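Here the chain labels run A, B, C, D, E and F in written order, and each chain numbers its own residues starting at 1.
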Amino acid sequence: MYSLTVSDHIMIAHSFKGAIFGPAQKVHGATFVVEWEIRRASLDAHGLIADIGLMRQALRATLDAIDYRNLDDDPALAGVNTTSEFLAGFLFERLKARVRDGALGAGVAGALAAMKVTLRESPVAWAAFEGPLA
Amino acid sequence: MYSLTVSDHIMIAHSFKGAIFGPAQKVHGATFVVEWEIRRASLDAHGLIADIGLMRQALRATLDAIDYRNLDDDPALAGVNTTSEFLAGFLFERLKARVRDGALGAGVAGALAAMKVTLRESPVAWAAFEGPLA
Amino acid sequence: MYSLTVSDHIMIAHSFKGAIFGPAQKVHGATFVVEWEIRRASLDAHGLIADIGLMRQALRATLDAIDYRNLDDDPALAGVNTTSEFLAGFLFERLKARVRDGALGAGVAGALAAMKVTLRESPVAWAAFEGPLA
Amino acid sequence: MYSLTVSDHIMIAHSFKGAIFGPAQKVHGATFVVEWEIRRASLDAHGLIADIGLMRQALRATLDAIDYRNLDDDPALAGVNTTSEFLAGFLFERLKARVRDGALGAGVAGALAAMKVTLRESPVAWAAFEGPLA
Amino acid sequence: MYSLTVSDHIMIAHSFKGAIFGPAQKVHGATFVVEWEIRRASLDAHGLIADIGLMRQALRATLDAIDYRNLDDDPALAGVNTTSEFLAGFLFERLKARVRDGALGAGVAGALAAMKVTLRESPVAWAAFEGPLA
Amino acid sequence: MYSLTVSDHIMIAHSFKGAIFGPAQKVHGATFVVEWEIRRASLDAHGLIADIGLMRQALRATLDAIDYRNLDDDPALAGVNTTSEFLAGFLFERLKARVRDGALGAGVAGALAAMKVTLRESPVAWAAFEGPLA
């Protein structure tokens, strides 16, 4: 199985609801380094899993929707705790939708086996979501 | 599948028995950066895999038992070569026991699917052990 | 000249005033990896610049005052843009005061020649402030 | 499952054929950080997956065949686009052949379950190939 | 003294003339991670050394002139060995010219004390050039 | 001023004398990533500060004298605490002697202005020594 990963980052504010979160119940923030991996059983005729330029554009466009914001104010995220693991799953779904809409070119969506999205929140903590693409 | 990873480090001495180890048969040492990943199919009501603060405490407590020591002198490690891959498996078992004892909260142990422990011994070498939690 | 550096991190929210900041005028956030370097011309009788444990405690205590907060709400930071470079200078002054108050032990403040504080805000941007300690 | 990874790097030139590659159709280059992971269900009598010294030698020898070259001029790579994902698969096959030829010692090839080769081409992009060893 | 650094990267091919270069006499390549640091004694009214967005644009524009190329074919680099240290000095001069031309805004060029350009060619080697701006 | 840095690593054991060291009074260990920087005002006729291959050999040879050892047993280090900052100074002197003995080629020693040696002991702590070469 082949895989290809691109990385970018966002700088967001948010707060969490629930005593379990301690000081993170207050509005604070994070730089999330976001890694997006796609997997494919065989390469295309160009020797590619996908066009890395299109991948970087699709990741950037997906991140632009939440970058430089207080996620507490985003209607699409109302009523949820935007933990790193939640956001990994959330970005996975948005990236999957983009891929299906042809963001990586016709035919790529059908060729991909799986994807993984990783969010690094600090040098000592990161979360991920991975799943099949079918 | 969701995953969450925390990282910490230890600074230990040890030596290995067997000609295959060459210069590492002498007492030497390592800074091991230890990464502990837990995996869970779905998030809890807070949007969490587990409380990251409890994870960091459980990892720190597990590492404290061997940190700042010559592992050659640890009765729990007598008669084994404490290679990076061995220690990855050893720490996996100790962390699994802590999780089962409730270190990450009631109910978390039953919800986790698998774990992985990685030890980075230098910029050019690292080892890991992963397995199911059931 | 010898130097010794310790590192820690904070996760804060803030916003900036001024059209030059573009999208960063909205409340957003950052994980700042904070590196604190101290410099000394010669080592003490123990072979140390300073006790690294005390250094890590002093850095942690300094960061606790702003960690997990929206800096826009901190009276000590009212009316300023808490850019990375500003915060580097701000933390430099707070750490200098701690050193002078004996946080690294008696005699260390007088022995140090200079300090540097670096804040890494993303994989592609960081700021620092350095200056003499006298 | 245990795993052990070693890392090294190469500095090569190459060019790609196909409009999809844009500016990368011209001769350009890359520093590839190459990570080679091997997986094994249980450790040997020494507490090892394999001799890490032999692993580093086998990786170095495999990389020497393409390091400090323009890959466009390598007959073994004629007619293909030497993308990061292609090279990951290519190096996987060469390393698998070395393992089977005993580069990690007699008996190791039969004990390994799988391998993964990762090529990091920049701080924001990397590719990998993984597969079973049988 | 305050400092602010931004980072980007290029992927180039080149070759060196002279027996001292050994295998690097052949056409090979590199991913250079390029870090550009500017230094300023005091912050402007916004709390800035310079607009980080303008800095990233100026660095990108400077790098575009040599990115994805075989430097052996660049007339501006004819007859020189484009070593990492040479390129650090070369990019320093080009960035200095941009700053003087107002790329970071009016008034910034006069306010900067010094700059440093670092090129990381591999995990184990990097070069830099630093100098005053006056 | 130009600079060139190469990096390597060692894996050593040691212990410290003095209550200030707490748990580090016991035999423990470290992986030290060692960075050696040399500085030169202008490049030689090849466009070099020094031959990077010779630099890596000189660093490796210098590190071999202490690598894979318990430093407590090294007569050259008897009676001193081999802290990171001490070792930075110690390796600086050994590297300076090698440079003077021609390890980087005739003429290089006289051309270098200064050097810096950095030892990274963990992701959150490092020490350095820098000084002129004359």
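The rule we apply is simple: a contact is a pair of C-beta atoms (placed from the backbone, for glycine too) under 8 Å apart; a residue touches a chain by one contact, two chains touch by 3 or more.
Here the structure is a predicted model, which is why all the values come from computation and not from measurement.
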Numbering shared by both copies at the chain D-chain A contact, with half separating same from different: different
Option reproducing the contacts of D-E, where over half of them reappear, out of A-D, C-F or A-C: A-C
Angle (degrees, nearest 5) of the CA superposition of chain C onto chain F: 120
Centre distance in Å when chain B and chain F are each reduced to the mean of their C-alpha atoms: 31
Rounded Å distance between chain C and chain D, as computed from the means of their C-alpha atoms: 41
Rounded Å distance, chain A centre to chain B centre (Cα mean): 27
Multi-partner residues of chain F (each touching 2 or more other chains): 7, 123-124
Of chain A, residues touching chain B in the complex: 16, 18, 20-22, 80-86, 88-89, 123-131
Chain B to chain A touching residues, read off their complex: 1-8, 43, 46-49, 51-53, 56
Chain E to chain D touching residues, read off their complex: 7, 9, 11-14, 23-24, 26-33, 67-70, 73, 121-124
